[in-house]
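What follows is chain A paired twice: with chain B in the first complex and chain C in the second.
For the complex of A and B:
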C-alpha cells in the first residue's frame, strides 16, 4: 500500500510542507498568488519545538476509524487511499472526533478534507514521455528540502 | 458455503457485510429490511430538510454496493420471527428463510408518551426515517408552525432542519436542560443560547399536558417567553390547514398554537425478535464484543443492543452510528471465522447546530481536569489523576480524535495534551509506531 513516512530525525521543523500541501490542494501553481495573506489549511501538520519536530498526515489506516464512523458514508478507500467525497460530506465532524491522529481538516465551506496523497492534484502528476499520467508525487514529499517525508513507493500509481 | 442472513439495512448491517467480505467472499448473504430504500445515512434526514444534501448523496453506500458484495436484498419486508432450533426466520408475507449465521440489526423505534388529545392531532410524525423526512418535506411549509416534543439529538436536529422552511419552531423538553443524555447542563445552556439566537423557541422543564383542536381565541392569549415579535408572527399566521390547527397546553398553562407535531421523546431498542426467540435481553439485546447474543449463531449489533462503555465499565445503550458500524463489523468478522472483537465502545458524538460544533465523548461524572470557558469556545475535560474519562469541545475541536483515542485505550493524559492535542507529548517510541508503521494502527 502507498503511504507517506516521516523521518523524525531528518525534519528541521521548517513547515515548508504545510505550504506546499495547501498550495497543491488549491490547484497548484503560483504559491504566492494562492496563499498570500490567507489562513492556510494544510492537510499535513508539523509539530514540535526546537529539539524535536515531525510532520503528521493521514496514515491511510487499514482499519480507518474515520471511514467506519462517517454518518454519511462519505469516506471510502479508493485503491489504498482513504478518500472523502466532499459532495456527500455534511460537515458533522464525526471523523474529526474519531481519527486517532488528528488528520481530518475542515475546509472553508465546512466539509472535510484530508491528505489523499495528491492523487487528485493534477499538478502533482508524474507523466511519461508521451505525456500520459503514470503516477502522483505528493507535494510534501517532492518539496521537503531535507527528505524527511518519503513515500513507500516513490510514486503513487494512477 | 455459509448462508448469512441480515435483518436491517443501516450502519450495523452494512458493517456486517463489509466484515464478512473481508474474509469470506463466497458465502451467500441475504439482507432483509422493512424500510423499502437503498441504505442511507440515517442522521442525514435533517441535513436533507436543511438543503445540505439530497436523495442521491444521502446514500450510505454506492448503488452498486449490494451487487459488488454479492448481497441479495429483500427490501420492504418485515421479519416477524426467528426460530433458533430450525435456524429459520419468518417474514410477514409468510415466507421463511434458513440461515447458518444471523445478524439482528433492527435499530430502534420511537418511544411515545401519550398525552390527552394527541391522537386527534392530524399532522404528526416521529423523526427517524426517510419516510418521516418525506412527510415533513410534504407537509411543512412557510406557513407551518412546528411543535417538537423532546430536546434530544433527534428533536434538535429536526428543529434545525426545519427552521428555514417553516414559520416557527418550538421545542418542549421535560428535563431541566436540552440534550440531557449527551451534555452537561453548562454545555447544554450554551447550545440552547445558540439555537435561540437562530430563532428556535424553547420550553424547558415543561411538558405538554393536553392537545386541543381549534386555534387559541386570539394571539394575545398566547403567553410566549420572548414576547411581541413572536406573538405578531403567530397572529399573522395563515395556517396551511385552517381546519387542523391545534393548541398544546403545557403543564405550566402556556398555550402553544401549532400545525405539525414532531414527537422526539426518545427511542426504544427493537429487541422483540431476539427476546421472543429466547435470547437474553435487558434494555437492549445483550451481546459480547463479537456481537454474539446468548443464542447460537445469532448476532446482534447497533441501536438494538447494549454494550460496555470503556470509560465507565457500565453497560448501556449507545445508540450512535460509529458504534453501530463497529459492532456490525465485529459480528461479520466473527461469523466469517476471523474474529476481531470490538472492545472500544464509548459514547461519542459530533453534532452541529447553526454553525456551532459540539464534539463530545465519554462520561462527565469524574473531576474536572481542565475547563476553558471563553466567548469563542468552550472546552472541558473530566477524569481522575492522569486518566481521562470524558470531554466536551464546543467550537474549538481541531484534532479532537487524539482525545478519543486516549479514551479508547486508557492512555495517561498530560497537562500539555489537555492544552493542545498533538503527538509531541507521546514518547518517541509511540510516535515512531504511528508515523512509520506500514498499515496504520487502528
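For the complex of A and C:
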C-alpha cells in the first residue's frame, strides 16, 4: 500500500507542506482565499530546526492505536488508508492521546481530522488522458519544493 | 558616517494575498523578510535583498515580487546610477569592488548579429525525427601522435613509419555524445550538491563536466569517465589518482571573467571537506596565484603538458584553457605547438564565483571574435587538426552553441546556463556565499536546498532540449553530422556588422551569395 515518507536530508523546514495540506483539505483552489487570517490545522507538521527538519504525518499503521482506541467506531481502514468518519466522531480525543506520532488533529468543530493521503480531495486527483481518476497525489508531496516528501508503494509496516 | 546608498531593489508584497506563512523569512539567507507579531504582518528590509527570487518562487500564494527601485539621482547620461553608487561604496570601504557571474554590461553581442542558413529547393533539408543525425564528437589531436618526450623537436610528426606504412595510432580522445560540456566550477565555489548534479547529469548525457581547480571530492571518482580534472595555478587537490580519475586533464591558465588574475577562496569557506579535497590546511586562505609560477613561456607550458602526459601514461588528452585576450590567436598557436591536445578559450562574458568588478566588466574580448581568429590562425598555420577547440563564455542557448560550432568550435563549454538549470537566478551574489539556491554556498542548511535528483533532471532536460534544437537546425541546413557543421562559416551570415567585423569573423553579409 502507499505511504508518505519524508527524506530529512532534503527537508528544508520551509513548512510549505503544512499550508498546502491545510489548503487541500479546505477544498483547494486559491490558498489566500482559504487561509488568509486563519490559524491553519494541517495534517502534516514539520519538526526540527533549520539544520535537521522533517515533516511528520500519519503512518497509516497496519494495526492503528487510534482505530483500537476510538470509542465511536469512527476510524476504519479503507483500502489501506486509515480514515476518520467525521459524522461518527464524537470528539473524545482518545485517538489524539493514543497516536504515537501525534498525527491526529482536531478541527474547528471539535471532530478529528488526519492525513488520508488526499484521497478525498478532488483537487488532488490524478487523471488520465480521458479525464478518468487514476489516483491521488497528496498535496504535500506535489508541492514540496525539494522533493523531500515522497509517496511510495511500500511493504514496510509501521 | 557612511555615504548612503539607496537599496537597488524593493520587495513588493500583495497584502491581500499574503497569508503570513513565513516561508519567505525561513528561506531568505539574507534575512530580508521577518514576521511582526504585533501587527500580524510580514515585513521586508529592502536593503538586504539581492533579488535572487527564492521567496518569490516559494511563496505559495504568489504574493511577492521584486522590482527595481525607481529611486533616482538627477538623470545623467554620463554618470549612471550604478556608477554613482559604486563610487559611494568605494568611498565608504576603500576596497576593490567584487562581483560574481558574467559581465552584465551592454557590450555588443556578435552571436545576436549572426544568422543561420537553411536549405530551400536546390538542396534537400533533413527531418531529424525520421533520419539519423550524428552529434557525437571526439576531442583531441587528430594528426599522428608525437613522441612522448617533452624535448622532441617535431612539432608536426611524419604521418608515415620509416618502412612507409601509415601511422594509425591515435592520440587519446574525449568522446562526447554531443559537442557540449559543463565548464569548470570548483568544489568550494559551488556546493557538493551542485557538483553531484553536474557529475550525474554529465554521466547520463554522455558528456563531461569539469572539476575546476578545487580537486575532486572522493564521492565523485565514480563519475571519472565523464569528468575533466583541472590543474590550476594553486595546484589544489592534485595527486596521481586525481589526474588519472578523469577523461582529460585541463591546465587552467586563465578565466574569461578575470583574465590575468588568480583566485582567492577565503579561509572561512575553506573548511571541512572543501579543505580536505583541496589538500589545504583547514581555515587557511586558498590562493590561486595570477600566473602559474613555473610557466612564463610556451616552452614552460610544454613542460607541464608533457609532465601531465607522463603522469597519466599518455592516456588522457591535455586541455589548456585560456581567457580570450587581445593576442589570443598567437597564444593559441603557441599552445597548439606545446603539445596540448585541446585548447579551451573562455570569452569575456564567462562567469565567476568572485572577481573584481572592473576586471570582469572591462578585460578580455568577445568569444565570437576570439574563436574566429584562433580557428583562422590555426588553419593558416596548418595546425588546426593538431588540437580541438572548445569555447565558452556565455553560450546562452542552442543558437549560440550552433553559431560557435559554425565559427569553428569543436565543442562548447556551458556553466552559467547549467547553474540556471539548477535554480540560479543570476542575482550575481555568489561572492557573499549566501546562495539561497544551494549552489554557491557551503552553509549546510543552504546546500541541502539543492536536491541533486532534481538538479540532475533539470540539467539532463536542458541539454536534451538543446540537442534536439541542434538536430533541427542541422536538418534544416541539410547537414546530418555535426562534424560537417564545424567551421562551416558559409552557414552564417552577418547583419548590422562593419566590413572589419565580418572579416574578423570570416562571414559574409546577409544577402551575399556563397
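As a working rule, the second predicted complex is superposed on the first by the 152 of 158 C-alpha atoms of A that agree within 3 Å, B and C clash if a C-alpha of one lies under 4 Å from a C-alpha of the other, contacts with A are read in each partner's own complex, and residues count from 1 in each chain.
Please note the rule applied: a contact is a pair of C-beta atoms (placed from the backbone, for glycine too) under 8 Å apart; a residue touches a chain by one contact, two chains touch by 3 or more.
Predicted model only: the values in this text are computed from it and were never measured.
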*Report clash or fit for the pair chain B and chain C bound to chain A in the combined superposed model.*
fit
_chain B versus chain C as contact partner of A:104, first or second or both or neither_ = first
*asked:* With both complexes superposed on chain A, which partner does A:15 reach: first (chain B), second (chain C), both or neither?
replied: second
*asked:* Output check: A:50 vs chain B and chain C. Expected answer is one of first, second, both, neither. What do you get?
replied: second
*Quick one: classify A:147 as touching chain B (first), chain C (second), both or neither.*
second
*Determine, for the superposed model, which of the two partners chain B and chain C contacts more residues of chain A.*
B
*Have a look at where A:72 lands relative to chain B and chain C in the superposition and call it first, second, both or neither.*
first
*In the overlay, answer first, second, both or neither for which of chain B and chain C A:64 touches.*
first
*Scan A:36 for contacts with chain B and chain C and give back first, second, both or neither.*
second
*Rounded to a whole Å, what is the shortest Cα gap between chain B and chain C in the overlaid structures?*
17
*Parts of chain A lying in touch with chain C, wherever the complex brings them together*: 9-10, 12-16, 18-20, 23, 30-32, 35-37, 50-51, 143, 145-148
*chain C residues touching chain A - in the complex, by the definition given at the top*: 16-19, 21-23, 26-27, 57-58, 60-61, 63, 444-445, 448-449, 451, 453-454
*Which residues of chain B touch chain A in the complex?*
14-15, 39, 41-44, 47, 52-53, 57-61, 321-322, 325-326, 329, 348-352, 357, 359, 361, 397-402, 404-405, 408, 421-424, 428, 431-432, 434-442
*asked:* For the complex, give me every residue of chain A touching chain B.
replied: 1, 3, 5-8, 47-49, 52, 54, 56, 59-65, 68-69, 71-73, 87-88, 90-102, 104-105, 152
